[in-house]
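Same chain, two partners: chain A is paired with chain B first, then with chain C.
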Partner chain A sequence: MADTKHAVRGEPALATPPRTSRARRSARARLTPKLGRFALFALPGLLAYGLFVLLPILMTGYYSFTNRNPFNPPTEFVGFRNYVTLASDPEFLQALANTVIITLIVTVLANVGGLLIAMLLDRPSKLYLALRGVFFTPVVLSSVVISVIWRSVLTDDGLLNSALRGLGVANPPGWLSDPELALYSIAWIITWQMLGFCVVVYLAGLQGVPRELQEAAAIDGAGGLARFRNVTWPMLAPALTINTVMLLITGFKAYDQIQVITNGGPGTGATATMAFQVVKEAFVGNRIGYSSALAAVMLALVAGVSVVVLRVLQRREVTR
Partner chain B sequence: MRRSTFVRRSIALTVTSMLVAAGCGMGTQEPSGAPAASGAAAEVELSFLVFETPNLNAAFWDAAIARATAKVPGVKIKKLVTPNVDRTAYAKQLDAAGNLPDILQSVNPAGFAEAGKLAPFTPEELANFTAPAAGAIDGKVYQLPYNTQVIPVVYYNKDQFSKAGITATPTTYQELLDASAKLKKAGFTAMIVSGGGADTWADMYPLTGTVATDVYKKTPDWLVQRRTGAVKFSDPDFVKAAGKIADLAKNGYIDKAGLSRSYADGEQAFRDGKGAMYPMGSWFATSADNNKPSFEIGAFPWPSDDGSPVTPTFTGGGTLVSSSAKNVELAKKWALAFDEDKENNDAFVKADGSIPAIKGYVPPTDMGPVYQATVAIYDQGMKDGSIVNAFSQEAGDASLPPGLADAAATAVQDLITGKKTAEEFAAYLDEQYAKATQ
Partner chain C sequence: MIDARTHAWLRPLVAIFVGAAFFLPLYLMLVNVFKPGEEILPSPASLPLPPTLENISGVFAREDNLFTFGLVNSIAVTALSITILTVLSAMLGHYLARSTRLFAKVLLVTLLCGLMIPIPVILSPVTSVLKAFDLMATLQGLVLVNVGYYVPFGVLLFMGFVKGVPRELEEAAELDGASRFRVFWQVVFPLLRPASASVLIFLGVWIWNDFLTPLIVLGPDSGTTVTVGVYRAIGQYESDFGDLFAFMFLATLPILIFYLALQKNFVKGLTGGAVKG
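Let's turn to the complex of A and B:
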């Protein structure tokens, strides 16, 4: 038992005889040609990753310290000026606030809704199996398709307001035209799209909860709520981690829905997110350098928040 | 030994393939004006960026491209379609990726031209155009001035006007307000304004009208003066023009909820009788004629305070050629063939209500009543000498800096929703102007 524990930690098990230097040389000699072959197989993947992920990130980092504007050369090094400007740019600050609001709403609503629906669907029946497919459909649809569908529902002449007018509501809300509402409409659409993903992950988690534990808790007199709190919920910790991190990333990089449905409006920045602002600064304002600084901040923020949340939630998985 | 040889050969093969691929990539960026590889007989493929609207659909572009290509041997056109109507933003994205198309349709040349990314047309090449210097940047014309548009024309629903007791179209701004009040009282939305989705630009037209009557009428070169700093958006004339839009919305004459409608949805809303007036560019005319709603449509120019005529127009909007096109001379030849072709212009007139600015051009005789009414407004403007620029649509030296038209269109929504006052709107534009010209 003790040996197994040591082995898990990466230390040599006590029963394992020490390797001689000759044996090590022999193992290395056998491995060296294999390494070359492994490298060869890994090369295309590494090249693609380097070219399409690492290089653009490095270039973005470099451009963020310049005043690059393809329509106004030459490009000059400006140090941290772009970052300093960002800190007091009201458009960036509004985009940051919008992004945080969308992310919070999406993370909470999709998690709660996904868990509730997963618990309802966690039954062995063909109907529930079919319903799982229905709930998962938005996940596999393109964000643009979803945005076009929801725009037709939420515009003033859309399905929702037509229905409300039919019910006698004279002035139904401007879901997309009211600056106070549009952001929440966008958050709802992203939540709707991600709900199916959360349902599937929670369903997988629910199906991994040992039935014996539930039965033992029931025999001990635990009611439905107590069983959920003390048995099911702790066992769903890995599912919660996956969902939360995925939803955070989805919220932080929200762009497609905004571009298609509101174009950042109505008005100045009502629904603009950081990702939207990056594209706007780069391709409408031609400020590639400034836009790169924005993208670098966004990358740092997404990575930072994701790592912290991942650590916190994973610690919960271990301690439980 | 054999294994390591295999590995070395494989690496060599991979590196060679990459170099060959890189070489191929570089081969696509031939120097400007490079002739076709093997003489005139060789076919050069040129990319052509177009945009689709309800009026200018895929079939329209395909037919127009085929006609121009038939006139310029040795050219094969590869059509590229923008994801939405904002072709200028898309062209910038393509340019940033090093893929600026060889030929571009109706992209705003501002920024591209100054950065040397476009090929200028010579005076000889522009000999057939009625306004050959329109849209010139530092004396050079980069976009063929092939047509004129009146922006805006106020299209109106004759039935709703009649039901509201309006017997004559407004000729002064006060009369426009009176008519709006009557329409509202009769239960109609006075004015349809769209701008939802990616079509934020579609909300600009009432402001284009008020800037024409309140600013450009008095100071035709206002934007040139703005460039030198002699005037500002926060000056009283411009604030007054913006204030009119804010008041129209505040009084309930502009339908705020319409801001969620895309351009196409806005047009449809007018067709469906959801509003009595539709301030829009003259391109709506043939759409109205070709797809007649259940009511008659009339047209009148945006009225000024004292009733004196003001006709905001834009001349230009044609084809542009990239200075790094595979064959610049051939691309220019094709662009000219495309813009000067009588059948193409007839097609533009019929599909998009264009008023061609080509010498000797006569529109088809079977054009509908809304187009005729629109052209009459333009002809009257020419007769009166009341032609001014159309704000946010300008090209050339008297145009807004890149990105500012988009900023203005976005901020117009704040004016309409009441989020910004006219003064705040003007201050915002000054701030954005400074940002765009840094």
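Let's turn to the complex of A and C:
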């Protein structure tokens, strides 16, 4: 890793000066134009990125200021009207709240659970290696598959409630049918799927904590908790950054579970998220203009929150 | 914190208990794949004794061929997408890691922005672009969307590895008269094997499991992927968990095998590189 950083820092120095007398530098300078021609081979990738990511982003931005609806032409420019409507649209406000709740629960629960389980499994033996595989399995599975499995567990007459009735609970909760509960069930399912990711990242972090540091702290009389707070936890800062950003983005774009399990319900939008609303407005309601404004707000939120959190957490990594 | 010495027996016990509780939903799916439909609701958690293959064969025998067609589509889309993505992002990542031009830096930042964009945000215009090229509801269209959407991730991963390949190696080959193209394919690319394996694993799993993009891009009329097939099968199997679980099991198996096979290769690639380096 040290080499990599060195190479990065070295680059600008090679680029900026005009051709100097130093032979090494000019040899490298000669390589650059050839690299340029070589880059042509990568053009197809850039073209696909431009056509299917950059252009659509610009189109989303543009449509958000129109009343575009393919079944209701003509498309007219409406200024900020879509955004104004959004601000007082109860469906949007609920989707925003739902998305924030899901994101917060997933980010906190998966981080805490992931760390605890990683500490539990941080021992060199076959058993713990196998268990790591167990926790990681859902990460490799499709969220559609996971949604269907959990739906069969949590549905009213599902496996969990059958078991609860067997234990003598007369009226087990409607995990997915109660509008008060369904959102938390969805958040739980996403947490369950992401947990293994956090476990693996934290385990990698834990294995980077030098044993000598732990031992030195123990000799100095630090108890388990003090050792964790002052030695282990600061060393886990990069792992926390990766997990938190990953979980934030996952929570913010939650869509699959809602589409598969609740279709936004029960009731009116009890589990609808922003991603769900964007897709619903665009492909069910055909209100492309309105959906684009929603999408723009969603993108601004994801980008804003990720950048701020990334900054804060990375500063923590540096200062320790 | 658990004191390791006095409670040495506690840790494996707790670990096994937590692991088992976590695995329970997956266990329920697995055992019920091999159980006759009428036994599932009365005794969902029991072992499938004797195991039956009737759920599995039922999935293959579907009249609408939802699984078999979906499987062929998924394999085609995933294999094509990740092959193209590996080649393109390796070349692009190499260029961006080595070039010192302002253009390259701007390009890099533009690409990295793409990492944050959730697919629902761009999906509607993506369908407009696909329609303009007459690629809507085609596998080629889906592959192209995948390539565009995932190329930033591939580039990011390859860049990290390219920086670990000594520049001198490329310069030496160049002085020996090899073309840039040859230097890349015969000197650099083989050294990037761990990166290629990572890109193949990550993107293979993501693209195979993708739900929303194929759902919208392939549309309701033409064939679809296995992952969307699971979603389509839900309504039809409302009462029959055995068939639905068998469908999901079969839809997951190929990507799980792919993941496990490449993961080994990934480790080998890492150690191979270490010895040579």
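FYI, the second predicted complex is superposed on the first by the 288 of 320 C-alpha atoms of A that agree within 3 Å, B and C clash if a C-alpha of one lies under 4 Å from a C-alpha of the other, contacts with A are read in each partner's own complex, and residues count from 1 in each chain.
Everything below uses one rule, namely that contacts are C-beta pairs under 8 Å (C-beta built on N, C-alpha and C of every residue); 3 or more make two chains touch, one makes a residue touch a chain.
Only a predicted model underlies this, so the values are computations on that prediction, with no experimental measurement involved.
**Student:** Of the partners chain B and chain C, which touch A:L206 in the superposed model: first, second, both, neither?
**Tutor:** In the superposition, A:L206 contacts neither chain B nor chain C.
**Student:** So, A:A218: does it touch chain B (first), chain C (second), both, or neither?
**Tutor:** Neither partner.
**Student:** Which partner does A:P179 contact after superposing on A: first (chain B), second (chain C), both, neither?
**Tutor:** First partner only, chain B.
**Student:** Taking the superposition on A as described, I'd like to know which of chain B and chain C A:F71 touches: first, second, both or neither.
**Tutor:** So A:F71 only meets chain B here.
**Student:** Which of the two partners, first being chain B and second being chain C, lies in contact with A:L299: first, second, both, or neither?
**Tutor:** A:L299 contacts chain C only, not chain B.
**Student:** Could you let me know whether more residues of chain A are touched by chain B or by chain C?
**Tutor:** Larger number of chain A residues touched: C.
**Student:** Would you check which partner chain A:A275 touches, where first means chain B only, second means chain C only, and both and neither mean what they say?
**Tutor:** Touch status of A:A275: second partner only.
**Student:** Given the touch rule stated above, what does A:D156 touch, chain B (first), chain C (second), both, or neither?
**Tutor:** In the superposition, A:D156 touches chain B alone.
**Student:** Thinking of the overlay built on chain A, is A:V260 touched by chain B (first), by chain C (second), by both, or by neither?
**Tutor:** Touch status of A:V260: both partners.
**Student:** Give one of first, second, both or neither to describe whether A:F283 is in contact with chain B, with chain C, with both, or with none.
**Tutor:** In the superposed model, A:F283 contacts both chain B and chain C.
**Student:** Would you please give the residues of chain A that touch chain B in one complex and also touch chain C in the other complex?
**Tutor:** 36-37, 44, 259-260, 282-283, 288.
**Student:** How about chain C: which of its residues touch chain A in the complex?
**Tutor:** Chain C residues touching chain A: 1, 3, 11-12, 14-16, 18-19, 22-23, 25-26, 28-29, 41, 44-45, 84-85, 88-89, 91-92, 95, 98-101, 107, 110-111, 113-114, 116-126, 128-129, 144-145, 147-149, 151-152, 155, 160, 163-164, 167, 170-171, 174, 180-181, 184, 205, 208-209, 211-212, 216, 227-228, 230-231, 234, 241, 244, 248, 251-252, 255-256, 259.
**Student:** Per the contact definition, I'd like the list of chain A residues that touch chain B in the complex.
**Tutor:** So the residues of chain A touching chain B come out as 33, 36-37, 40, 43-44, 47, 70-73, 151, 154-158, 174-179, 259-268, 282-286, 288.
**Student:** State the interface residues of chain B toward chain A in the complex, per the touch definition above.
**Tutor:** 3-4, 7, 10-11, 14, 18, 89, 92-93, 95-96, 111-112, 114-115, 117, 195-200, 255-262, 265, 269, 274, 402-403, 406-407, 410-411, 413-414, 417, 419-420, 428, 435-436
**Student:** Applying the document's contact rule, which stretches of chain A touch chain C when the two form their complex?
**Tutor:** 3-4, 7-8, 11-12, 14-15, 27-28, 31-32, 34-39, 41-42, 44-46, 48-57, 59-60, 63, 117, 120-121, 123, 127-128, 131, 134-135, 137-138, 140-145, 148-150, 152-153, 159, 162, 192, 195, 223-225, 227-228, 249, 252-253, 255-256, 259-260, 275, 278-279, 282-283, 288, 291-292, 295-296, 298-299, 302-303, 306
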